[in-house]
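Note that chain A is present in both complexes that follow, paired respectively with chain B and with chain C.
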Partner chain A sequence: MLSIILIVASVIFFPGVIVKTKALFSGRKGQDILQPWHDIIRLLKKGSVYSTSSSFVFQLGAPIYFATVIVAALFIPFEENNCIISFSGDFVFFAYLLGLGRFMIIISALDVSSAFEGMGANREAFYSLLMEPAFFILLGSLAMFTGYSSFYDIFASLHYNSYFSFIIAIIAAYVLANITLVETSRLPVDDPLTHLELTMVHEVMVLDHSGFDLGIIKIANNIKFILFSMLSANCLIPQSLDLWMRIGILFLMQVLFAAGIGWFESFRARNKMIMNAQYILSINAVAMILIFAVMIIKNKI
Partner chain B sequence: MNIILFKVALLLSFGMFFIPKKIKYSFGLLLHLMLIMASTSWAFAVLRGTILTLGLGVGTWSGPITLVIDQLSAYFMLIINLICLCGILYAGGYLQPYLPKKRSVFISLHLFSFLWLHGAMLLVVSMQDGIAFLLAWELMSLFSFILVIFEAQKEATLKTGINYLLQMHLGFAMIMLGFLIAANQTGDLSFEGVNNFFSQSDNVPLFLVFFAGFGIKAGFIPFHSWLPRAHPAAPSHVSGVMSGVMIKMGIYGIFRISSLLQNNLHTIGIIVLAAGIISGLLGVIMAIMQHDLKKLLAYHSIENIGIIGIGIGMGILGKSTGSNYLMILGWGGALLHTLNHALFKSLLFFTTGNVYYAVHKINMDHLGGLAKDMRYTSMAFLIAALAISGIPPFNGFISEFLIYNGILTQMSSSTFSHSILSVVSILGLVLIGGLCIYCFTKAFGLSFLGTRREEHPHPVQEVPAIMLVPAFILITCMLAIGLVPSFFVNEVVGVLQNLTHTTVNIDPLLLSLNSISYVNMILIVLIGGVIGLRAWQRSFVKVAVGPTWGCGYTAGDFRHQYTPTSYADSLRELADPLIQYHRVYKSFDEQEIFPLPKTFHTESKDLIEEKTILSWVHLIVNYLPKAGIAQSGLINHYLIYPMLFLLLIGFLIVLNIL
Partner chain C sequence: METTSSPISIQNQSTVPIAAIPILYYDEFYALIVAWMKEPHLHCVNYYAFWKVDVLKFICCLADDVANDIKVLSHEMPRKEKMHLASITREVYAFHIFEREMAENFGIEFINNPWVKPVRYAFNRTNQNNVINDYPFYKIDSEELHEVGVGPIHAGVIEPGHFRFLCNGETVLHLEIQLGWQHRGVEDLFIKKPALIQQTVLSESIAGDTAVGHSHAFINLMESMGNVTIGSRLAIERTIALELERIAMHVGDLGNMNIGLAYQLASSVFGTLRTPIINYTQTWCGNRFGKGLNRVGGTHYPFTDDLAEKLIELLDRFEKSFAPMSERLFSLPSALMRMEAIGKVTKTQMNLIGAVGMAARMAGIKRDVRTSHPSSAYKEYAIVSHTLENGDVWARAYLRKLEIENSIAYIRKLINELKHINGPSPKPRSAADYKLGINSFGISLVEGWRGEICHCAVTDGTGEIMHYKVKDPSVHNWMALALSLRDLEISDFPINNKSYNLSYCGHDL
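Right after this comes the complex of A and B.
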C-alpha cells in the first residue's frame, strides 16, 4: 500500500517540477507546480471530438491504455514494503501489460487515417521493440544476481549481503533512467514540446484524442514515468536506513530526476530521428555490461 | 464401440461421391462429428487413466495396425478435434459461393479429403509402429495436398501444390530414413526401436535426421519455404486447419523423439534452441515485410514454431542438467503454445477468410477501413492479434510465461554456458514479442482501420453468422486459457509428467498463475470501469464528430494514410541484409510530355530460401539444357545411342567390372 501512496504523491508534483525547471532555465518565472494537473482536470471535464474515420477501436484505445498503466502500478514495490501484487516472474507480466496499452494506443493512432499519426505509431512500435530487450536483460541479470524473479523479492534482497550490489545497482539505475526517457518519449528520443509533427513520437499519436480520452492518456503517461523512476530509486536506496529516511531519499531523488530532465531538456536538442535506433541499442549494450558484471560477481566467469 | 464408430465414419466417407450436392456438406459434418465423438472419448479416458490400445482390424505386412493412445496423443487429439470442428463449421459458410461454380465431384473430393486429413492426423498421433506411422503420415500429406489445390484451375495454385507435395515427401523420406537407421541396428521399426537405438549409440545424428524430417512439416527455418506458398493458395478453412494443427504434427514428432533422448542432450538442446530462435526471429521479420495478409500469417506460423522450438530446446537443456523443473516448464510452455497457436492462428486465418469472402482481396495495399463494415470479424481479428502477440489477458501470454518462468528460476544457479543460453533465449523471446506487436499493429491497423484504400465493387457486409460461430468457439477457449491458466497448465504438466516419468512440484508456478488470473480480472474490471466513467462523463458534455486533425491543413483523403510499405520502413533499415527489399517501379522519362499512369510497389525476398534451395535449383536448371546437345532430332544419331550403350556394357563385361 505504501508504494501506491508514494506513487500518487510523486505523480502529483513530478510533471510540475519538470516544467518549472525548464521555465527557470529559460529565464521565466514559470507556472504553478500543480498547473499540469489543472490542465488535465480541465480536459477531463471537456467534451470530445471523434474523427469520422475512427471505429470502435479508437473508443477502446485510451481506456485500455489507462487501465494497463494503473494495473502496472500495483506491481511496483518500495523495497521491503510489500506491493499489492507480487509473484515470481511478475516483471514479465508487467512488461507485457504495458505492451497491451502500447498495442491499443498504436492501433487507435492508425484508426484515424492520418499520415502523421501513422508515423508516430510506427516509431512507437519500433522504438519499444528495441527498448524491451534492455528491460528484460536488466531484470534478468538482477534475477540472476538475487535468485528471485519478482520485483518485490529482487529489490528486497538486492542489498542484502554484499556491497558489490551497489555496482549492479548503479548500472541498473542508469539503464532504467534511460528506459524511462524512451518509454515516456522525452529527450533525447522525442521532444514533447516540439510542434513539428513530423519528428514526434508519442505526442503525435494522440493528436486526435480529445477531452476525457486525452486527459486519461496524460495521467497514464505521468504515472508511467513514476513507475520507471520508482524502479530506479528502488535499485539505489539502501535498506539499512530507516523508513522515513528512505522515503525522504526517494522524494529527493524524484525531485532531482525531474529537475535533471528539465535541465537536460533546456540545454540540448533532440536526436536526429535516424540516431534514435542507435541510441536505444546503446542502452541495450549497457544492459549487457550489467549481465557480465553479475556473472563475474557470481563467479560464473 | 468407439472404434467401430471411427471405422464407419472413414468407410462412409466414400459415399460422399454418390450423394446429391446439396447434402454433401451436412454429410461431411456428420462424419466429422462421428470421428470427433470417437476420438474425444478415447482422449478423455486416457487423460484420466492409462494408455489405451485399440486394434483397427486391418494390417500391414509388419502386423496388425493398433492405435496406442497415451497422454501426449490424447492431448494432440483434443487439439486436432477442436480445430477440425471449427474448420468444418467455417467451411459451411466459406464454401457457399463455390458450390454453384464447382462441379459436384470436386466438392466431394474436397470434403472427402478434409475428413481424411482429420482422420489421418488422429492416426498419426496414435501410431507406435513405424510402418503404420509412416502410412498415416503419408495419408496426411496426400490429402492436405488435394485440399491445397482446391482452386486448381489457377496455374499458380497447382504449381504451389506440387511444390508442397515434393517438400512433404522430402520430409517423409527423412523420417523413414530415421526409422530405418534405428531398425537396422535394433531390428525394430517403431518408436520403441528408436528408443533402443538411443540407449545404445550417439543420439545426435539420428535426432538430426528426425528433426529435419519433422521440421519440414513444422516449418523450422530453413525448411519453411512451403509455408508462405501453400497457405495463401489454400482456401481459408484449409489454411486454418493446416497452420493450426497439421504443422503441429511435426511438433508432435519432435516431442516424441525428444522424450526418448538419452545422451548428448546438451548439444541437441543447443541445436533445437538455435533453430527455434532463428525461426522465431526471421519468421516474424519476414512477416512484417509482407503485404499479402495470408502470407504474413504463414510467416507468423514459422515464428510461433520458433517459440515452441525455444521451449523444447530449453526443456532438453533442463533434462541435460537434471533440472526437472526447467524441463517440465520448457516443454510445458511449448506444449501449451502448440494449443494456443492452434487457437489463434486458425482464428486469424478464418477472419482473413471473412475478409476475402467480403471484398475478394487479401492484399493490405487494397484494404483498410473494414472495422466499420465488419465489426465482428474485426473484433475477432483484434483479439487473435493480441493473443498471438503474447499479450495478457489472452492465452498467448501464458505459454510464453511458462518458458520465461522456467528460464528465470534456474538462472542464478546455472553454469556460465547455461546462463548465456538463458540470456540468449530470453532476448530471442523478447525481440519476437516486440516484433510481433509491430507486425500485428500493422496487419490489423492497415487492413481493418482507417479509411478504405480502394473502392470495392460490391457493398462490404459482415459475413453470415455461420462463419462467425467458429470464431466465438475459439475466442471462448482463448479467454478460458487466459483467465483460468492454472487448470490448463496442470493438465499439460500432467501429460508431461506421464511422458517423462518424473514428478515435479509446480506449486510456486500455480501460485503465479493464480495471481495472473486475478490481475487479469482486475484489468478487465478496470477497463470496464473507465469506459463506464467516460459514458457517465458524456452524459453532460458535448461529443462531436469531425474530420481527422490535419495539423493545420485540411485532412487529406485516403491516399494520405500510412501504407504497409511505409509502416515497415523503419525495420527495413535495420533488417535489410536479411530481407533483400527492393522497389519495383518505372521512373518518369525526361521525354515523357504526357506521363502515363505509373505503379509502384515493394517486394522482399526470402534470403534463406534463396540461398538454401533456389540457388541449387538455378544451378541445376542452368546446367540441364547443356544435355540438350544430345537431342539433335536426327534419327541416325538416336540409333547410335543404344549402340554405344551396348558397346559400353560389352566393355564392362570384358573388363570384368559388371
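Right after this comes the complex of A and C.
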C-alpha cells in the first residue's frame, strides 16, 4: 500500500517540476507546479468528441490504456514494503500490460484513419519493438542476480548481501531512465512541446482524443513516468536505511530526475527521427553490459 | 502593330515610356528569353500580362546580375476566343509560375507546359469552374506508397497552405505545395484605391512580415515614376529601416528554427532578441513592423541623433547576446545533426527554378539586389553580400547569422555617415504636388529580408496607375522548399519549412 501512496504523491509534482525547470532555464518565471494537473482536471470536466470516421475501437483505446497503467502501478513495490499484486514472473505481466495499453492506443490511432496518426502509430510500434529487449534484458539480469522473478522479491533482496549490487543498480537505473524517456516520448526521441504533427511520435497518436479521454491519457502518461522512476529508485536506495530516510531519498531522486529531464531538454536538440532507432539500440547495448556484469559476478562466465 | 527591334535595358528603379519597350513577335520574344536564360547570371524578375483595352500586353523583365541592368521586352496579343502560346517553361523551368498565373488569369493555353496548375484561384480568374477543391494534385497509383496531406489550416494557425506529401514510409518522394487560399486582390486594390496614402498603406500590408520591404519597393517605384528625387539622408534612413527588418526577421527565424529542433535555449534567446529590435522600430515610428515609416518624398519620423544613439546602444547589447548564442548553436552536435545535409538543394536546381534572395545565396548563387541592382543607400555605400555553398538547413541558418552580423555592421556605417549629412529629412509629398508620368512603365527591385521584391506599374494617359504588379520572392522560392523535401524524412519538413520561412500572403496576394 505504501508504494501506491508514494506513486500518487510523486505523480502530483513530477510533471510540474519538468515544466518549471524548462521555464527557469529559458529565463521565464514558468507556471505553477500544479498547473499540469489543473489542465488535466479541466480536460476531465469536458466531454469527448468522436470523429465520424471512428468506431467503438477508438472509444475503447483511452480507457483501456488508462486501466492498464493503473493496474501496472499495483505491481510496483517499494523495496521490502509489499505491493498489492505480486507473483512469480510478474514483471513479464507488467511489461505486457503496458504493451496492451500501447496496442490499444495504436489501434485507436489507426481507427480514425488519419495519415498523421498512422505515421505516429507506426513510429510508436517501431520504437517500442526496439525498446522491449532492453527492458527484458534488464529485469532478466536482475532476476538472475537475485534469483527471484517478481518485482517484490527482486527489490527486497537486491542489496541483501553484496556491495556488487550497487554496480548492477547504477547500470539498471541508467537503462531505466533511458527507457522512461522513450516510453513517455520525451527528448531526444520526441519533443512533447511541438505543435508540428509531422515530427511527433506519441502526441500525434492522440490528436483525435479530446476532453475526458485526453485527460485520462495524460494521467496515464504521468503515472508511467513514475512507474519507471520508482523502479530506478528501488534499484538505487539501500535497504539498510530507515523507512523515512528512504522515502526522503525517493522524493529527492524523483525531483532530481524530473529536473534532470527539464535540464536535458533545455540544452540539446531533438534527434533526427532516423537516429532514434540507433539511440534505442544503444540502450539495448547498455542493458547487455548489465547482463554480462551479472554473469561475471555470479561466476557464470 | 508588332515591330522588331532589340529589347531595352534599364536600371533598377527607373521609368520608361511604355512605347519605348519594344514589342516583339512571339517567336522572337520566345527565342530571346530562352537564349538569355541560358546564362546563369540572368534571371526573370517578373513576367506578366495585362489588358490594354483589347490587347493583352505581356511584359517580361530579366535582371542581369553582371551588367547590373534589367532587360525589358514585351509582346502583344489581340483578344481572341482561344489564345495559345508556345510554353517557355518547357525550356526555362523558372517560368512555370508566371505562365501558370497567366493561364489562370487570362485563359491562355501554354502549349506543352507540363505543369499547368492553378496558382491562386483569384476571384477574377477566367474559368470560374476551376475551384480549389478540385486542385489537380500529382497522383500515385501504388499499394506501398501513401499520401499525407497537411493543411490548409496550419498546426500553429499561421497562414493557410496545403502540403501534399507522397511518401514511401517515412521518406518523402514528392511534396506538392498548394497555395491560393487567400484572396485579397492586392494588385487590383492598387487600381481601385487611387489615393497615394491608401496605396502606401496597402503596400505595407502585402506581407505583414515584410512591411518595410514592400513599402520600400512601392515608394521607390512611385518616386521614380513621379520623378521625385530624395536626399541621401532620407535614403539612408529608409535603408536602416530595411536592414532593421532584416535583423529582426532573421533572428526571429533562427528562434523559430530552434523550436523546430526542440533546442529550447536558442529558441528562447533568439526569440527574446527579436523583441528589442522591433520595439526600437516602434520607438522610431510608432509601429513595431515599421508601418508608417516609408512615405513618398519624405518621412513623418526623421531619424534624430537621439534615435541614432539609442540604435547604436541597442545593437551593442544585441551583439553581446547574439554572438555567444549563435556560436553555441553552430557548435552543438545535436543541433548540427538536425541541420547539416538536411534538405539539401543544389546550385543547379536553384538556378533552374530561378530562386532569389536567401534561397539562392545559401546554395552558392551570388544573387543580391543590394549589390547587383542597388537603390537607396546601397548605391552610395556598398554592402557586402554573403554566399554559402551547402544548400542545406545549416546553410539557411548560418546565412541568417552572417546577414545579421553584416546588417549590424552596415547600419553602424550608415549612422556614421549620417553625421556628415544635415537633417532633418523633409516631410512626405502631399498628393497635390506630385504626379506620375503618363503612359510609362516603372520597375523597382528591393532586397527584402527574404529576397528580391519586385514592383512594376504602368500608367495611362492621365498619369493614373493602370496596372500594378507585385512579386514577392516567395513566388520563386516555394519550389525550393518542395525540392528540399525530396528523399528526406517527413519529420524534417517543419525544420525545412521554417528554414525558408516563405510568405503565403506574398504569394497569394
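Note that the second predicted complex is superposed on the first by the 301 of 301 C-alpha atoms of A that agree within 3 Å, B and C clash if a C-alpha of one lies under 4 Å from a C-alpha of the other, contacts with A are read in each partner's own complex, and residues count from 1 in each chain.
We adopt the following convention: a residue touches a chain if its C-beta (ideal position, glycine included) is under 8 Å from a C-beta of that chain, and two chains touch if they have at least 3 such contacts.
These figures come from a predicted structure and were not determined experimentally.
S.K.: Give one of first, second, both or neither to describe whether A:F25 is in contact with chain B, with chain C, with both, or with none.
M.R.: Only chain C is touched by A:F25; chain B is not.
S.K.: Comparing chain C with chain B, which touches more residues belonging to chain A?
M.R.: Comparing touch counts on chain A for chain B and chain C gives B.
S.K.: Could you look at A:P188 and tell me whether it touches chain B, chain C, both or neither (first, second, both, neither)?
M.R.: It touches chain C, and chain B stays clear.
S.K.: Counting only touches as set out at the top, which of chain B and chain C does A:A121 meet: first, second, both, neither?
M.R.: A:A121 contacts chain B only, not chain C.
S.K.: With both complexes superposed on chain A, which partner does A:R102 reach: first (chain B), second (chain C), both or neither?
M.R.: After superposition on chain A, A:R102 lies in contact with chain B alone.
S.K.: Is A:V255 touching anything from chain B or chain C once the two structures are fitted on A? First, second, both or neither.
M.R.: In the superposition, A:V255 touches no partner, neither chain B nor chain C.
S.K.: So in the superposed three-chain picture, is A:S266 touching just chain B, just chain C, both, or none of them (first/second/both/neither)?
M.R.: second
S.K.: Check whether A:I4 is in contact with chain B, with chain C, with both or with neither, and answer first, second, both or neither.
M.R.: Touch partners of A:I4: none, neither chain B nor chain C.
S.K.: Answer with first, second, both or neither: which of chain B and chain C does A:M275 touch in the superposed model?
M.R.: Only chain C; A:M275 stays clear of chain B.
S.K.: Going by the contact rule set out at the top, does A:I167 touch chain B (first), chain C (second), both, or neither?
M.R.: Neither partner.
S.K.: Find the residues of chain A that appear in the contact set with chain B and again in the contact set with chain C.
M.R.: 115-116, 118-119, 122, 197.
S.K.: Give the list of chain B residues in touch with chain A in this complex.
M.R.: 368-369, 371-372, 375, 378-379, 382, 386, 389-392, 397, 400-401, 404-405, 408-409, 411-413, 415-416, 419, 422-423, 426-427, 430-431, 433-435, 437-438, 440-442, 444-446, 448-451, 508-509, 511-512, 515-516, 518-519, 522-523, 526-527, 529-531, 534, 537-538, 541-551, 555-556, 558, 560-562, 566-567, 569-571, 573-574
S.K.: For the complex, give me every residue of chain A touching chain C.
M.R.: 22, 25-28, 115-116, 118-119, 122, 187-188, 191, 193-199, 265-275
S.K.: Under the definition above, what is the set of chain C residues touching chain A in their complex?
M.R.: 146-150, 155-156, 169-170, 258-265, 267-269, 272, 332, 334-335, 337-338, 342, 489-494
S.K.: In their complex, what parts of chain A are in touch with chain B?
M.R.: Spelled out, the residues of chain A in touch with chain B are 44-53, 55-57, 59-60, 63-64, 66-68, 70-71, 74, 85-90, 92-93, 95-97, 99-100, 102-103, 106-107, 110-116, 118-119, 121-123, 125-126, 128-130, 132-133, 136-137, 140, 143-147, 149, 197, 207-208, 211-213, 216, 277, 291, 295, 298, 300-301.
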